[in-house]
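After this come two complexes, each holding subunit A, first together with subunit B and then together with subunit C.
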Partner chain A sequence: MSSQCTGNYTGKAPAVWPAKVNQIPKEVFGDAALFEEELKTIFYGDCWHIVGHFAEVPNVGDFKTFDLGRVPLLISRGKNNQVRVFYNTCTHRGNQLEVATSGNRKEFECPYHRWLFSLEGALTACPGSKEFAPDFKQENFGLMEVKSAQFMGLIFVTMGKNTPPLTEWLGEIVPPTLSTLLGGDGRLKLLGYQKVRYDSNWKGYNDNDGYHAPMLHTAFRLLNWQGGTTGFQRMTKNGHVVFEAELKAIQNNGFVNDPSLVEFKGSDPARGSRIVQLFPATVMVKHLDIINLRFAIARSHDVTEVHYAYFAHEDDSEELVQHRIRQGSNLLGPCGMISMEDAAIFQRIHIGNQTPGFAEFQKGVTSLMEVPMDVKQNDETGNLPRWEHYRKVMGFKREGEK
Partner chain B sequence: MSQTITAAHSAAIDALHTAYLAALDKGDMAAWASTFAADNARYFCISAENDHRGLPLALMYDDCRGRIDDRVSFVTKVWVGTYEPYRTRHFIQRLSCEAAGNNQYRLTSGFTIMMSAEGGTTAVLTSGEYRDLIEIQGDGDKFRAVFRERRAVYDADVLPRYIVFPF
Partner chain C sequence: MSSPSLLSSQSTASRKDKSSAMVPDDFMWQGYSALETQWRVERLLSRYVACIDDDNLEEWPSFFTQDACSYEIITRENVERGLPLTLVFCTSQGMLADRIVSLREANIYPQRWYRHIVSNVLIQAVAEDHLEVQSHYVVLQTRRNGQTSIFSAGKYKDRIVLQADELRFAEKRVVVDTHSIDTLLVSPI
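== the complex of A and B ==
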């Protein structure tokens, strides 16, 4: 399948990938050598990775730095309003070019030998170049650009040579939900960030962020908060998951003093909750009136950093923006009424995954031999196609497979 | 430091700070909430990055008294049994104090929060700056200081763990 990355992992862990499709070997969460292979095969390989949204760099000269694995990136909006992604390194001796997390510049200057780069990446000055090597040509030393593509302002990058086009990578079922999650047209306005490091493998983070059975969340019960039954969960063979659910308004039973926090102001009346999870590590959520893109960085086999970025839509009323700020700050994220509990699970599951055996999937499993592609709203089997994709990408053989 | 503050008011403000830190270091959320004015109070906990860039989104955004009381419920009722326990020690240093009229003062203080995870070592959670609007309530010999607003602006661009307790 062309929309898959391909790897050929020959390391030791796991010794055996079980034949049963609902078992995931825990060894894949705690192996530093495997992480190095994942960097090469997935993060620096033929996959697309989300590194930001245009709304984070709205004006000419705006930039943002981000990391793909260990590779530093510089995302810059040039004079023609085009957003480009560069390696964040001077093309001379390799010094890190920009140190700020974000800002606005007229140009980028390397302090080491004062090489100067335009917002579009061209090398515009390099003092003393008369004495440079005989083959030096200034036009050959612009910033190295990383291949990028965009969907409604979402910025994707890939370092792979054989990455399929983004439209093919996203497939058919992702774009409709992703569009509505991004406000219909991607014209978003940045509200701010919550940034945190989790002591968790990136796969453990990804496996437990996004949608999961609501039993973890006591708030849902305390608030008598019912989910609808008309939702769905759909997966692609290359590891993406799309989820939509109806959220009924809460009936205020007196548990909260300020019920306005969980009000639904109807920025998306048909559905209350939409989640798009793109392989390998990005989760995006529209919950109540919150638009939340979670930019994840796989730092090591033990650490995953997540930048929760929150947005309003450009056309929102002031009242709706204020509501989105209150909800975003207090419900999702590493201290949110709902998501703090998820965060706790990322870390606890990483500790638990250092033990022998398997992560076992149960709810919704109908066959032990076939990866399910048709699952119900509350089934945990929605994660299994992603695992199957991961297994194939990394080149793990199933028990009994030749 | 402004010369308009009396020794008695200064002592009341010190007592408020102490009560706030003691409440959090004991994990006593009700005592934390009681350091805020009963009728109208606000608490915000926001990254320095958002604050400097004028981005309004916070880590905790309690813009009314009801929200402060609901935060107590988050910790004591909603999240019980889910998170990995940790204890904190807060240290503060007053940086400025100015009279704001109507028995109110604007203060800034630097803070450091140490955290000790159960079964683990002690580490820095973050540092930052408290920006407060404090009001002296009551009269005669009986008065106390309360927070009308506390804004905790934390320094870490990236927090080292998920957060249960206010800063």
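== the complex of A and C ==
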């Protein structure tokens, strides 16, 4: 029998969510006005956001540009090897300072009136300054720095005034898995990028769960990959998820003609799979010998851009580097033969949720009134603490709540 | 980030493609005149893209040499930065076949039609046993709503040999200008 629809699709996220913790109002995905609120509250608010890794700017003078929502950022490695994050704007009249996605500079020059900034952000030249406004002081016009912090080379920024310190924000569950994922010490070497645009809300992009992997990804089954039994999924109250699975080495069952691609050279033999998902929108994975950090940009309520950056470890043998390149180039991400389905789902989740009712979690739900903090490897409930955190941050009430 | 990649002049200059050298008008290769060689190369490329666009993908691996071959799709952005990671990287006919098996049996993706347009076919080097050929491509995609857009633009860098009386790719390197992929890439280019 078909189910009866109780409400109308309004397109606008309701201010009050259902009492049941497993029901997400579908409107949160397609509401353009809500996206503007999320920019203010989450992306420009009191959260840490990952915008890069030191390995992307390995040498003095290296820079990378990135966007946080609509705000352009400039990440620069200065003379003392310190990495700083600036707003990517000239302090004169606000011209975008650097247009390249990456490169190496001796200094940053704004072409408009040729103001010149050092790698450390100081204003070093500004032609015609004798005739500038009486209150002009050159030392007050260095590049505007964004508050940043780092964890094993991962670059975090926040524009909020009341963001907790990074260690507090990461909590206790995240660091052990994250450091192993980053090769133990974060001394990574950049291998390259795959960049993709999803026609999807950032929350849909971010809502991949522990239930779907063996279901959606047929190749997992065809390859006879075993998730194992010692894995876990752990969550923090502020919306992070840590996932580990054995992902046992593959017995070739004849599905692949060339099994060398899916060999596990065991750079991290205890676990074939580690995933760290940090609120709001960063996913980082280590699958087999692949180290993949996914830098996401929430462009609008219906577009999310993701830069899949792949890494080796500085101490890798040349053979292992080649293997990582081959696996990174073929298995995961938007072109990967074993998980590109995720990309198709992000788009379909976005379209399909512009209908009445709720996106309703089932697998692993044991209580309708309590957000689960204890979930199994293949439950989808691992995402509910993140939704709960999102709900609270955005100020949505629950039915019956004052 | 949406602005085109204007890389630092240093790194771009060092990795520029030095491809303007001309081969003579009147070479002979494997018994073919220059004109006939050009015609055979163009026919190979036309058959190759017809195979993809007409969805005869099971035949796609046979356009490559049997023993060792290489098929690579890499973004121009990675190439110009000297970064080795690719979008697709196959080093055997077996791996090419695995891509197709996976596309047919495992992958889920939006149904789209692809149409390749190949032009500017330029033989850049003539060696005794192979040719080096560059050409430009555009892939148009037509979504289910009937709208057509450009999915990918770039160039082919091919190393072509004669094997069992057929021209085949010993190496095919697809250098993609369009480094922001629309959703996913499932079909070969």
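Simple rule for what comes next: the second predicted complex is superposed on the first by the 383 of 402 C-alpha atoms of A that agree within 3 Å, B and C clash if a C-alpha of one lies under 4 Å from a C-alpha of the other, contacts with A are read in each partner's own complex, and residues count from 1 in each chain.
As a convention for this text, a contact is a pair of C-beta atoms (placed from the backbone, for glycine too) under 8 Å apart; a residue touches a chain by one contact, two chains touch by 3 or more.
Please read these numbers as outputs of a predicted model, since none were measured by experiment.
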{"item": "Superposition on subunit A - do subunit B and subunit C clash or fit", "value": "clash"}
{"item": "Contacts of A:Val16 with subunit B and subunit C, given as first, second, both or neither", "value": "neither"}
{"item": "Touched partner set for A:Met144, first subunit B, second subunit C, both or neither", "value": "neither"}
{"item": "Which superposed partner A:Thr65 touches (first subunit B, second subunit C, both, neither)", "value": "second"}
{"item": "Contacts of A:Leu368 with subunit B and subunit C, given as first, second, both or neither", "value": "neither"}
{"item": "Partner chain(s) touched by A:Met340 [first = subunit B, second = subunit C, both, neither]", "value": "both"}
{"item": "Touching partner for A:Ala32 - first (subunit B), second (subunit C), both, neither", "value": "neither"}
{"item": "Larger contact residue set on subunit A - subunit B or subunit C", "value": "C"}
{"item": "Shared contact residues on subunit A - subunit B and subunit C", "value": "101-102, 190-199, 216, 218-219, 222, 255-258, 261, 305, 310, 325-326, 328-330, 334-335, 337, 340-341, 343-345, 347"}
{"item": "Subunit B residues touching subunit A - in the complex, by the definition given at the top", "value": "45-47, 49-50, 53, 55-67, 69-70, 73-74, 77-80, 82-84, 157-164"}
{"item": "Subunit A residues touching subunit C - in the complex, by the definition given at the top", "value": "65-67, 72, 99-105, 190-199, 216-219, 222, 255-258, 261, 297, 305, 310, 325-326, 328-330, 334-335, 337-338, 340-341, 343-347"}
{"item": "Residues of subunit A that touch subunit B when the two form their complex", "value": "101-102, 190-199, 216, 218-219, 222, 255-258, 261, 305, 310, 325-326, 328-330, 333-335, 337, 340-341, 343-345, 347-348"}
{"item": "Touching residues (chain side subunit C, partner subunit A) in the complex", "value": "1, 3, 5-8, 10-11, 73, 75, 77-78, 81, 83-95, 97-99, 101-103, 105-110, 179-186"}
